[in-house]
Amino acid sequence: MVKLPVGVLGATGMVGQNYIALLNNHPWFEVRFVAASPRSAGKKYKDAAAGRWQLSKTYESWIGELIVAGANDVGAAKAANCAFVFSALEMEKDEIRALENSYAAAGIPVISNASAHRWTDDVPVLIAEVNPGHADIIPAQQKKRGWDKGFIVVKPNCSIQSYTTPIHALIKAGYEVKRIIVSTLQAVSGAGYPGVPSLDIIDNIVPYIGGEEEKSEKEPLKILGDIENGVFKDAAFPKISAHCNRVPVADGHTACVSLEFGEKKPSIEEVKKIWREFKSLPQELNLPMAPEQPIIVREEIDRPQPRKDRDAGKAMAVSVGRIRPCPVFDLRFVGLSHNTVRGAAGGGILNAELLKYKGYIGLAQ
Amino acid sequence: MVKLPVGVLGATGMVGQNYIALLNNHPWFEVRFVAASPRSAGKKYKDAAAGRWQLSKTYESWIGELIVAGANDVGAAKAANCAFVFSALEMEKDEIRALENSYAAAGIPVISNASAHRWTDDVPVLIAEVNPGHADIIPAQQKKRGWDKGFIVVKPNCSIQSYTTPIHALIKAGYEVKRIIVSTLQAVSGAGYPGVPSLDIIDNIVPYIGGEEEKSEKEPLKILGDIENGVFKDAAFPKISAHCNRVPVADGHTACVSLEFGEKKPSIEEVKKIWREFKSLPQELNLPMAPEQPIIVREEIDRPQPRKDRDAGKAMAVSVGRIRPCPVFDLRFVGLSHNTVRGAAGGGILNAELLKYKGYIGLAQ
Amino acid sequence: MVKLPVGVLGATGMVGQNYIALLNNHPWFEVRFVAASPRSAGKKYKDAAAGRWQLSKTYESWIGELIVAGANDVGAAKAANCAFVFSALEMEKDEIRALENSYAAAGIPVISNASAHRWTDDVPVLIAEVNPGHADIIPAQQKKRGWDKGFIVVKPNCSIQSYTTPIHALIKAGYEVKRIIVSTLQAVSGAGYPGVPSLDIIDNIVPYIGGEEEKSEKEPLKILGDIENGVFKDAAFPKISAHCNRVPVADGHTACVSLEFGEKKPSIEEVKKIWREFKSLPQELNLPMAPEQPIIVREEIDRPQPRKDRDAGKAMAVSVGRIRPCPVFDLRFVGLSHNTVRGAAGGGILNAELLKYKGYIGLAQ
Amino acid sequence: MVKLPVGVLGATGMVGQNYIALLNNHPWFEVRFVAASPRSAGKKYKDAAAGRWQLSKTYESWIGELIVAGANDVGAAKAANCAFVFSALEMEKDEIRALENSYAAAGIPVISNASAHRWTDDVPVLIAEVNPGHADIIPAQQKKRGWDKGFIVVKPNCSIQSYTTPIHALIKAGYEVKRIIVSTLQAVSGAGYPGVPSLDIIDNIVPYIGGEEEKSEKEPLKILGDIENGVFKDAAFPKISAHCNRVPVADGHTACVSLEFGEKKPSIEEVKKIWREFKSLPQELNLPMAPEQPIIVREEIDRPQPRKDRDAGKAMAVSVGRIRPCPVFDLRFVGLSHNTVRGAAGGGILNAELLKYKGYIGLAQ
């Protein structure tokens, strides 16, 4: 099979590095275009990334030889025949929004990691296992904006991954989820590089992450919502209260969740069964980046833990454990997912695989 | 003033070390008796503690010269004229209960850090600022058990300090607190020494602490409860759900709290005012170990933090911050207190000071 | 090819777990026998290891079903037709020595991770790339002890891996190495589990590891030495001074080395070339566990670093960097290797592969 | 006694914060002037420092009300009658040098923490216990530059404190120290705030600190050197080789030292005695910031350790331990000192106290 040539915008940042590393030997996609800030433009990728590379994984030598383009050089992306681009841009939101629009307008689909378009009412926020049907807003989006083949799809914030999929599985199994109070213990890689100063995190935790609680409370409602008249309409439930904390962990966000069901309440054993058996479209299609099991139920009394469980299911699974009754609501559990893989580049790649299957992306002509 | 001679049971363990360090130069009490396991008995304290001493603070040289007694040698404590003993015993609960009883029976009051007697129905669980009146069960306790001057008083688990005092202040100000969902981020010193293995806590958190959630949910109800017919009766509210996590922090427990009021709900500003102005008996009496302000309200967006705030108010204050509305309940906040000072030895010493003021302890005759 | 059935003694400990994980899908060896302390004996391996398993990697389900034997049950190992056993025993040295002897006497070769036999004068301490020829003392060892097919081979302490191979490469290239002063920054996994208490390592380092400096100074001399009259004779050089420190790192030992050559001194560029081009028997034979490059030279100014470089070359390579002149001796560099893979189970497996190639191990009859 | 009004340049940075905190209640000096970058100028100190304050210690409320001046506003410092200023400027070296010169030229002595003037040949690099006599170059400096009462004195880099004082004590006792190989394990606070990114230091160490090894090798020679013809002349010995590492420790630099004496070599017991008994001018004068014992000898096998020993002697003492023979050189030991107190603001204040005693600073007229 001919691989689709793809581009990575913001290729030298932390999420961009993860895209480069995870796309190594991808069966469908091949990085042919890397773009970054003007500071990096014109350099070989290996030189632009040197000194900033944070991963133990690396990339093939020919990728290092790619010349970095300026992120706003849409023409260069066209010239490279990009089937689509992954956006891992780190700029002001307004700039990102404008730049992503200009790629889409030029006929290049944008699969974005950035938060800029998450509240645009015709842009889907995709978790491939939760709301794959939301991708089908794309024709309406294209029509409305007068775009031909280009479109914009985004993925949600890394903090919500560890509870949104488990909650979706419960709803899908017929149980209303009314209210959630969640405390997250988030890894420092979520803040990028340099990100969190070490003086803030040695022998310390920081009980605040700017903007994170708002995202954690609102984004799940769009993902769990519906399309009405070509725009998204938020789900009415669950109501969410989030306490977001930064902890001294490199990778892997943990969430402690208390959850209130509607009238109908599953038993603890039933919850475990629902989660163990949950599969969705990416699993049915056996997409390359899809974890075999989207939700892994751990029975040990003290799991999941970031260092031991973040890499489960190619770092794409959500691990859940400590599933037990809640004396205030109905159910308590701990969820964990890898924030820079499942919660960022890996989630974006899985979205791209889904969109290719659905026919929204293909070879540029 | 002649200082009261006091003993420390379990003087070589972590909490015992904190007692020794904090009682250095105490204006009312002087350590004259140290007891520990048979392994340490007969050694000088400095030799028994060597290699186990975990604190940067130290003790005066003459304390190092005290000969360690066996913890079960009640006669030695009598011979040392102990006005009372602090119990920081680390043994099986049954053994601790029996041993503490034997001290009390011999006429030596026991102010305990251990959990053994927390659910004994005539033993008060004291937080000096919250339920100083509970000490007044002592005569009934003595009568029922046929004890003359001895009695037993305990302090609660370290995990509940960061939210129980703030909640008490709200109740005292006239607001019912119906339900609480709390996630704690607890320091490793709470597990003693050697305690938590470093492999469990480097680049990791552990979302489980044995027995901690049960204590965190039940103990506040006894503390907030009443005395009826010479025994304690739990308060009916608040219902508490606790998620207890171990994090890579040396000292200082943090709690993320969502709280539901009864019908009457204070504004955020009113909550801050209540907490800022809260004072109790230890402050009125100006007890030596009492913090000037039991609750310190921080206005910075990212505080309290363990490394920066645990030592506030002689490490005896509870720092609260991020006081904001809760989209699911009514109020959210972050509480923080020093687990080995406020939550252990310091809390015990403050209890002793209160009991001295109330006349329950004094010179042995 | 029929895989050789192998046993793991001490299979539930940290090094034992690494053996189990690394032997998953090994092309030559298959775990058929697991042994541990009497406490675990009789249980299924998965039950014995539950709650102690420290790795993110796991093992195939049929290994979990193996019944754990007592480590001293040599007959059970015979019954399982073990071609040889890996010893990862954690007991008193005398016991280990006696137990390993009893396996060898029963005809079962022992490839050991334990330090018990490192100073036995006819037992080779093997680093497969450095002294593969030392394995050829085996016939003399067997004859002297009246052993038929059994023998004992050990691997050195984890702390010396990051500098012994680079030094050997320099000596092999014709440069005498006279003196070395080395400071190590060692990971906590080197102390096993529970190992280092977290209170000793949060916001702290410990500048002492029991017995480690002695091993770090002496073991390289045996490895770099010769066989004379059927026993090992230490090399006269280099003289080594080691400062061993424990640091808050999970895996990966780092060494800061200052080195004095003899009369003939290579240039910095020559040193890099020697290290880059160094290959040895395991590479020539393409042994399954052998890293393609035993020594990886990093040119970045701040590498190697444990989290980023410990997994290089299947976690079997030594990464070196900061290669620069020494104002006091001749050369300075930083070396890094993975202590539980290269420095423990992985090194043991590579030794076994070498011994199989050399014909010292094969199917039991 | 009337306190001398003093200024702090760079008062909002990390070292500046330490000056503000340590000068709280100082018996001789009182902060009356704070200066920082143009960004902070015009704000109240409490507002300029808010959100950047890193310490658990704080300052008196009236200091928070001081209006921050621009660091280059020498006239404002004059107007505030500053007897002298502490410089904790964080700018380009050339700018710092020029700015410090302009204060001195205006008659305001500068006691600097910055490295800008460390290699100016008539500027002393003072460790008050090691080379207090170097202060007496001040009249020559003033004359040469045409300065009236102003002058410039600096303190050395934080990395050298833990071995320079012990080495000086040995030399003073009559033992030549010929060569030193030292590996440092340095705290992150040495890099300021935000400083070291947390992703570089969680589960990791960084074996490189820009410029640090050069400073560690050269600065001790100026400090141990002499004044000749009005300029400093470096000592010829010891030759120093430094390996500088960043480790996950908040405060406290540790150094592992191997040391070669000249012909005359003290015994280990003699070394301990020399260090235990070492006192210098600050101790004789009982200066407020001087530690009672400049060098504290620890006999425990695993000390000193940063978290337990950095605060010894008001965080102004050097703790040494693991004093033992070196198999390559003569002596090995571990030294530890608090990098932001002894190694920065505390050292600067002690220098100021010394200079006041010597009459070089006093009330501005």
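We just call them A, B, C and D in the order they show up, numbering each chain from 1.
Here is the rule we go by: a contact is a pair of C-beta atoms (placed from the backbone, for glycine too) under 8 Å apart; a residue touches a chain by one contact, two chains touch by 3 or more.
This one's a predicted model, so the numbers in the text were calculated from it and none came from an experiment.
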item	value
Contact-richer chain pair (by C-beta pairs counted) among B-C and C-D	C-D
Most widely separated chain from chain B, with each centre as the mean of CA atoms	C
Chain C and chain D, separation of their C-alpha mean positions in angstrom	44
Rounded Å distance between chain B and chain D, as computed from the means of their C-alpha atoms	40
Centroid spacing, where centroids are CA-atom means, of chain B and chain C in whole angstrom	48
In chain C, residues with contacts to at least two other chains	54, 200, 202-203, 248-250, 307-308
Of chain D, residues touching chain A in the complex	54, 188-189, 193-203, 248-250
Contact set on chain D toward chain C in their complex	179-181, 183, 185, 200, 202-208, 217, 239-241, 243, 245, 247-250, 254, 256, 258, 301-308, 321-322, 326-329, 332, 334
Chain A partner contacts - residues on chain C that touch it in the complex	50-51, 54-56, 202-203, 250, 300, 307-312
